[in-house]
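Next come two complexes built around subunit A: one with subunit B, the other with subunit C.
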Partner chain A sequence: MRPARDDAGSAGGSRAGRIVAALFVAVVLLYLFAPVVVTVLFSLTTSPRLSLPIEGLTLDWYREAFANPIFTIALTNSLLLAAITALVSVGLGVPFAFGLLRLRGRTRGTLVTASLLPAAVPALVLGIALAVFFSGIGVAQGLPNAAIGHILVALPFVILTLNARLETFDLSCLEAARDLGASPWQTFRDITFPLIRPSVLGAALLAAALSLDEFVVTWFNVGNQQTLPVLIWGLLRRGIDPTVNALATVVLLSLTGLVLGAALIARRRA
Partner chain B sequence: MTARPSTAAVRQIGPATGFFLVFFVVPLAILFAMSFWTQDGFERIPGFDLANYLKATTSRLYPAVLLRTILVGFVTAAIVVPVAYALAWLMRFTFERRGRLILGVVLISLFSGYLVRIYAWRTILGTEGLLNAALLQLGLISEPITALIFSPWAVMIVLVGLLLPLAVLPIWSAMTNVGRDHVEGARDLGATGLRLHRTIILPMVLPGVGTAFALSFVLAAGDFVVPTMVGGAQGGTMVGNLIANEFRGSGADWPMGAALAFVIMGLLVLVHLVTTRLLRVVTRW
Partner chain C sequence: MTAPIAVEITGVEKRFGDHAVLHGIDLAIGENEFVSLLGPSGCGKTTLLRIVAGFEHATAGSVRIRGEDVTGLPPHRRPTNLVFQRGALFPHMSVAENIGYSLKLRGWPKARIAARVDELLHLVKLDGLGGRGPTQLSGGQIQRAALARALAPEPSVLLLDEPLSALDLKLRQHMQLELRAIQRALGATFIYVTHDQTEALVMSDRIAIMNAGRLVQVGTPREIYTRPASIFASDFIGETNLVTGSVAGVEEGVVTLVTPGGLRVRGSASVPLAAGSTATLSVRPEAVRLRKGDPADATPDEIGGTIAEVVYLGSRVRIEVAAPDGTLLWADLRDAETTGLERGMVVLLGWPADAAGVWPGSEGAEG
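Entry: the complex of A and B
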């Protein structure tokens, strides 16, 4: 390792500069994680009103949240949507990313930008546009509509990560397989898939995480069905309910698990 | 050999493109067409009428809310982008190896639950919330600051926290193109401090900064959950609330909601174009 150089492009370079920089980062992280800490903390405290100092610790809110019959329905629906979103957005995104590899720079750039557009439109607008569309073709609101919405939200991110990872993929090894007499299916099964499996798995976990956390598009399209975020929203609107913190912590842990999983898979490949 | 890859490419690109066309382009087009419809009671009347757009720009309620939405979105983005820039710079050049770890931690907060983070801020900022309690206990204030919650300020405080991790990404990835040699070369030639950033670094990462600004601006101005939860009825209503109400509220008026959606998106594009132009001029000084 190179010795730290004082003038090496850092904000302050000097020792004092580094301390100021570290403080800045610490304040930003505190700002980002304060809501998370508050949620987890209050999911475990006895006092139903949110106040300090903390009186005692309990798991009662979790028990109460899990005992709510709607919770089981919401959890099942959320997991179902996450699985469908992961499968379909990867099923659409992987061929798309491979198709991009065969295209020239300009067309490719345009297509990548175009595929990212849904992520640049507010979820509210995506949600109402889908609701109007489904009502126009006479499809009642429900979970399938929400699934379409989730795929629409996840697909740009799946394409973005796959496109970045596939940039180093060498198409010539597929040609070699073909020249040696492998059928397209054999090529895919024996060459392509083993090579891209980590990237695909990472993208699938990301899609699942986005689906699990999706609220806005869901709310406009799911009708009177439940998902975890829809359930949490309903509880929040009704007033102070400490089981919300427990539900929120469950969502939080699942999301962190999915994202950390994706990060670890990406790392093992690198 | 030249024809085959292109048909293969079309076959591979086709399904996702079809999905985007059917469930993104077509719905937006229908929504746009519907913005010219009118509504009479509960009946939507197809047609081509500019009434909704006139109402959006001339009624007593809408222009004020639109202006507030633009302002909140702009100020949020104007806070988020410099902080994200500083963070990306520090992660790349001050903390080097630990920088990636910090980036990872920042990104994890992106996946800590959208609704949950908004709700938790209510616990922190409320009149009987943690922040007020702490300030009271420290003797810094003698009575709770009520403006912390249910105000445009609360909306911006929460939006900054939601959007910062998202804005760091494009700036960070643009920053990876800036080499240590660029920085050292610029320093050797006498560009230091702010000047180094304005004349050398910022122009190099400008596309990333532009993307970050556009993302935070559009997503902040288009959010309706944050103003619903912490904005309050009085000063915190944003156009997202009005649009959501036209679609899920009691007096639902889809055509009006559709028109509002396109007015705000048009305004956002306009402000964004002006901002990027200004940014380009500033970095060229």
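Entry: the complex of A and C
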């Protein structure tokens, strides 16, 4: 270890140089985390304005937010959309990824790329395109439209994660099951499903997370319905209200939970 | 063959699009027989095995097992079980659950499954390891577990797809003998795919040599080693010297070949050969005799040459001799016979004409 430290010393230069480097790292991290910290902090302070020093701590803003019936509706809608997005994008993504597994070479590469390209389309374009499409075929804006948009946003990511994890899947296990007397259905029930369950769960959590904080596509297609991001945006138009911080913190915590869950499941599988 | 037939492969062909992988394979395998399908990679041996297992469908021809036509049956309806190259154990099940899986599917009661699993664990020497997961096993243990799993439902025929190829040499040699012992003890029919000729020689009752989608020769290890049916078979099984030349004359079955460089060699013709046609002679290094002496003293059966290399192989010594025309020939001698032999020394080589086979064609030709 000692020679490594010596190397670092000679490369890093003087003591002053190292202090500058540390400060730089601190500034970048501050920039990355300040908005999150400010939001969480001011959802818990007694002052209705963003002011320092902090006078006292309270959960009143959460109480107020939860007491608002619109909040309950928005939360329900958001959770509903997240659940539908997770179910449908996994339902479409799993067979798709399994199909890819049986293909070889260029066809497979082309199909993977083709299924991922929509993720590169800006949400704004996607949102407007869907809105124009639905109005063109005479479907009124509403939650189902938003759900279709969310699935569109989540599906490429679901296919990407499933494809990456299924690449290590040993197809000869499935042949072994058939060979030992299992019907195609028994093979799926006993072998395929238990083996892919963690990957599928991880992909579902990812889809739910993507849906939960989706704003742009939702905004263009949801009509006069509320979801959490849409509600927060509406509240912000009437000025910064500490309940907004409370709502944002709720969204933040749910997303963190989903992402951590997905990561933990992925690690346990590995 | 006097034993009843376990597997009868008749006229099996396999094409992927325009590409033919198997051409009209006919092979009958007896009950309790250990047959190896031996050939270089890409010769179609694994495809043939997978056709018997039901994972591939023959483009033409049929497969019968104990008289029943199984050609159209899916794998789970066939009385065959396959041991996969890398085991293919179910990673989410313990060793015991892996072995018992086929019995669970057949609806056996738990206690009976447990008893049978213990019996199989004992057979493959994995006693006490039933509770382990596949990731906690060594390479050899994985293949033992895979073998036990495939044997659990008492298949009419056990198919093995290069199950030892991932193991190191020592373990592989040990497992070969053990597999053979298990097959004898169970009195089961084994079809074993391998590209390793030693493996095939050690384990098999009969070897079926395949090349480019065809059966080249089927016979006992001794028949195949001592009387290979083609240049390919003689080169693929064991080690051999190949000399290609044109037929100078045939006399009472003894052919004389002349190489482009003017070297004359003699061997016995396996098929009629026309004078002037191209043919190849094959002679095993251990059949080649060697003595010190001047080329002027050579008998008509001997070739003069210079020792190019002396390689010590432990139990024997391989002498590489360069003939005047540049042809290199190997002679394998016992250590004691090589005293005084050194590189650069002039020697005389010879072999009995019936120890060398001659076939039409040149070394590169198939078949």
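Please note the rule applied: the second predicted complex is superposed on the first by the 241 of 270 C-alpha atoms of A that agree within 3 Å, B and C clash if a C-alpha of one lies under 4 Å from a C-alpha of the other, contacts with A are read in each partner's own complex, and residues count from 1 in each chain.
Methods note: a contact is a pair of C-beta atoms (placed from the backbone, for glycine too) under 8 Å apart; a residue touches a chain by one contact, two chains touch by 3 or more.
None of these values were measured; they are calculated from a predicted model.
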| item | value |
| --- | --- |
| Three-chain arrangement built on subunit A, subunit B and subunit C clash or fit | fit |
| Partner chain(s) touched by A:Ile19 [first = subunit B, second = subunit C, both, neither] | neither |
| Contacts of A:Ser172 with subunit B and subunit C, given as first, second, both or neither | second |
| Dominant toucher of subunit A (residue count), subunit B or subunit C | B |
| Partner chain in contact with A:Ala67 - subunit B first, subunit C second, else both or neither | neither |
| Partner chain in contact with A:Asp213 - subunit B first, subunit C second, else both or neither | first |
| Which of subunit B and subunit C A:Leu30 touches, first, second, both or neither | neither |
| Angle at subunit A between subunit B and subunit C, C-alpha centres, nearest 10 degrees | 100 |
| Touched partner set for A:Gly136, first subunit B, second subunit C, both or neither | first |
| Subunit B versus subunit C as contact partner of A:Leu236, first or second or both or neither | first |
| After superposition on chain A, the shortest CA separation from subunit B to subunit C (Å) | 5 |
| Touching both subunit B and subunit C, residues of subunit A | none |
| Subunit C to subunit A touching residues, read off their complex | 53-55, 74-76, 80-82, 84-86, 88-92, 101-102, 105-106, 149-150, 152-153 |
| Parts of subunit A lying in touch with subunit B, wherever the complex brings them together | 7-11, 17-18, 21, 24-25, 28-29, 31-36, 38-39, 42, 50-52, 91-93, 95-96, 98-100, 102-103, 111, 114-115, 117-118, 120-126, 128-133, 136, 148, 151-152, 155, 159, 209, 213, 215-216, 219-220, 229, 232-233, 236, 244, 248, 251-252, 255-256, 258-260, 263 |
| Residues of subunit A touching subunit C in the complex | 170, 172-173, 175-183, 186, 190-191, 194-195 |
| List of subunit B residues in touch with subunit A within their complex | 5-6, 8-17, 19-20, 23-24, 26-28, 30-31, 34, 83, 86-87, 89-90, 93-95, 102, 104-109, 111-121, 123-124, 128-130, 133-134, 160-161, 164-165, 180, 183-184, 187, 214-215, 218-219, 221-225, 229, 240, 243-244, 247-248, 254, 257-258, 261, 265 |
